[in-house]
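Same chain, two partners: chain A is paired with chain B first, then with chain C.
Up next, the complex of A and B:
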């Protein structure tokens, strides 16, 4: 498993969806900033990203990404995501590189299957360890 | 009750697989036999056999996109919902499916 595939960020000082995307864009450290918010908008128009109370799962597949990563972000305080989703405590952002290998896609799909497990979601919401156990 | 289903979402990496797990867990909790095919970014996994489809009392399509092989379910009772419903309210969905089948 690629050690950089899953990135856990705790107590992140973000206050909104826009600040969340800005934070991740900064973390990607590309010379050219990626407009994650714009890229995500299309997916969010097609359905809610809320997967459980207090948890959102924004995700996209894009050719502008250098590698596929999953950012697991816990804001300092609960944030409002949009006009319908409030009090978000956990953001799981999947960034899938276009034409990613099947091996990596399977690694990510195994992770997303685990998101169906309430105990795993509780773990992600409560752990204080920056290195998560997937 | 025997259920077959297909899960497929827009990007094919997230809701597809959560929906599969949630449907399987909710159906098993209700004591039902279930097989869910995923049509995601990896392609088709856990592909339904014709035998499983023939034996099913109902088909659940938890889909946000057009799926391949929909004609396999012709003549079967189909309950179609967005993946969001399977992800957020799987037990209610299985209850609804139960009512649909029992009303037949």
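Up next, the complex of A and C:
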């Protein structure tokens, strides 16, 4: 498994959805700024990203990404995601590189399947370790 | 001896249903015998078969039936009846004694056709006496005569079951059947009566219920011819209470029973008591009738009992049964079944062996549910013949309505919410076969890549027209989503 595939960030000082995207975008440390917010918005207009109470799972597939990554972000304080989703405690953002290999896709699928397990979600909400066990 | 024959028969039956080769392991586990026994049985069958090997074997592949030989052999067996096996001989002797009961029959006359020794006769008596115990009947031997004593109802029941064992499949065959000891004129007369009932009520009485009613009337006539009128005391008692509760739907059946018994009275020149009307009426309402209009209203008991079967079986078989037509179909079977149980009327299921073998799992579940049903509704034990009939209903539900719905789940990437949904949906909806999870950009290729897809469950709204049903759900897969998916499934089933 790629070391940087899953990135856990605790107590992130963000206040909104926009700040969240900005934060991840900065984390990508790309020379060119990637407009995650713009890519994401389109998808979110078409369906809700809320997967459980206080948890959102925004995800996108794009050619501008160099690498597929999953960001697990816990804001300092619960944030409002949009007009429908309030008090978000956990953001799981899947960034999928276009034409990604099946192997990596499988790796990510395995992770998302785990999100159906409440115990795993609880673990992600509660853990204090930035090195998560997946 | 008997169990050996049953094993061999089952083995042949099992092979006859399998198109290709079957391994000895599979045969052993199916018949619950050791592999060694399987080898031995196959050797026995092949050695005793006159025209070469009936069961072919091939190294590494197992066994296969020579189907042509098998079918020919089965025909021959049914034709060869001039010589009786011990079981057949005993059956015929018992039948005759039952028909003449309580009259005593001379042993020499009784056994005149069979040319057997005194020891064999003595043995036969033990067997017959043992079999009669089940009906609370007694075999009485006095000097050189034997007779059967007991309640009239029990005697008729024993004869009915004996006749049913002969595996008559088509009532009209009875007209020309010379193997049975039946009086030809009586047979024709009864068949005519059954036709009259059918015409009058504009119904068809299906197999095996037609055979059942035929046997009932035939036995009545035989008894009167041989020993005169015997009253069925227990049915006499029921007469009053039953007349008061004849359901509106069944009024026609009752008057048909009345007419038929009147006709028989004239035919036999005896005054048949009212209890015979009741008895025939009970038989009629214990039979499933086919008519243009199926009954759609049922008593609370029938409704509850049917629902209990449906609920329990859907839980046990892990399928959703939510269709009015299935309910109606089963309730139309349960209604007469309930009457059979209440009135102690048994219908033989000549397909029982095959049902038990082909639908083993379903049959076992039905047996369990039936036990529960008997308990909950304080009914007599539901016998294996009835469980066999019920099994067919559920087998059919599975085979026709419940083919899994081929489904694709879609989200933006094909690895995000769709994977998560897949897990959630698989847990709750076993009737969906989730073929794949895909990304939105692959939508257009669905039909091409996944033929036969009936449903797309998606987390993204899309405008494109697709040739299958779609359902938009939230990634949370809320209760509302579940309900809407359930509805969609029902829609798909109904359209099939």
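We take it that the second predicted complex is superposed on the first by the 134 of 134 C-alpha atoms of A that agree within 3 Å, B and C clash if a C-alpha of one lies under 4 Å from a C-alpha of the other, contacts with A are read in each partner's own complex, and residues count from 1 in each chain.
Criterion: a residue touches a chain if its C-beta (ideal position, glycine included) is under 8 Å from a C-beta of that chain, and two chains touch if they have at least 3 such contacts.
Everything numeric in this text was worked out from a predicted model, so none of it was measured.
Novice: Put the two structures on top of each other at chain A: do chain B and chain C fit, or clash?
Specialist: After superposition on chain A, which the two structures share, chain B runs into chain C.
Novice: On the A-aligned overlay, A:102 touches which partner chain: chain B = first, chain C = second, or both, or neither?
Specialist: Touch partner of A:102: chain B, not chain C.
Novice: Check whether A:51 is in contact with chain B, with chain C, with both or with neither, and answer first, second, both or neither.
Specialist: Both partners, chain B and chain C.
Novice: Looking at the overlay, what does A:115 touch: chain B (first), chain C (second), both, or neither?
Specialist: Touch status of A:115: both partners.
Novice: Taking the superposition as given, does A:60 touch the first partner, chain B, the second, chain C, both, or neither?
Specialist: In the superposition, A:60 contacts both chain B and chain C.
Novice: What is the contact status of A:36 with respect to chain B (first) and chain C (second): first, second, both, or neither?
Specialist: neither
Novice: Please state which segment of chain C collides with chain B in the superposed model; the candidates are 170-178, 314-322 or 332-340.
Specialist: Comparing the options 170-178, 314-322 or 332-340, the clashing one for chain C against chain B is 314-322.
Novice: Return the residues of chain A at which the contacts from chain B and from chain C coincide.
Specialist: Common interface on chain A, chain B vs chain C: 43, 46-48, 50-52, 57, 59-61, 94, 96, 105, 108-109, 112-113, 115-116.
Novice: Which stretch or stretches of chain B touch chain A in the complex?
Specialist: Chain B residues touching chain A: 9-11, 13-18, 20-22, 25, 40-42, 64, 82-84, 87-88.
Novice: List the residues on chain C that touch chain A in their complex, please.
Specialist: Listed in rising order, the residues of chain C that touch chain A are 411-417, 419-420, 422-424, 427, 437, 439, 441, 458-462, 472, 474-476.
Novice: Chain C touches which residues of chain A in the complex?
Specialist: Those in contact with chain C are residues 43, 46-52, 57, 59-61, 94, 96, 105, 108-109, 112-113, 115-116.
Novice: Which of the residues in chain A end up touching chain B in this complex?
Specialist: Residues in contact with chain B: 43, 46-48, 50-52, 57, 59-61, 94, 96, 100, 102, 105-106, 108-109, 112-113, 115-117.
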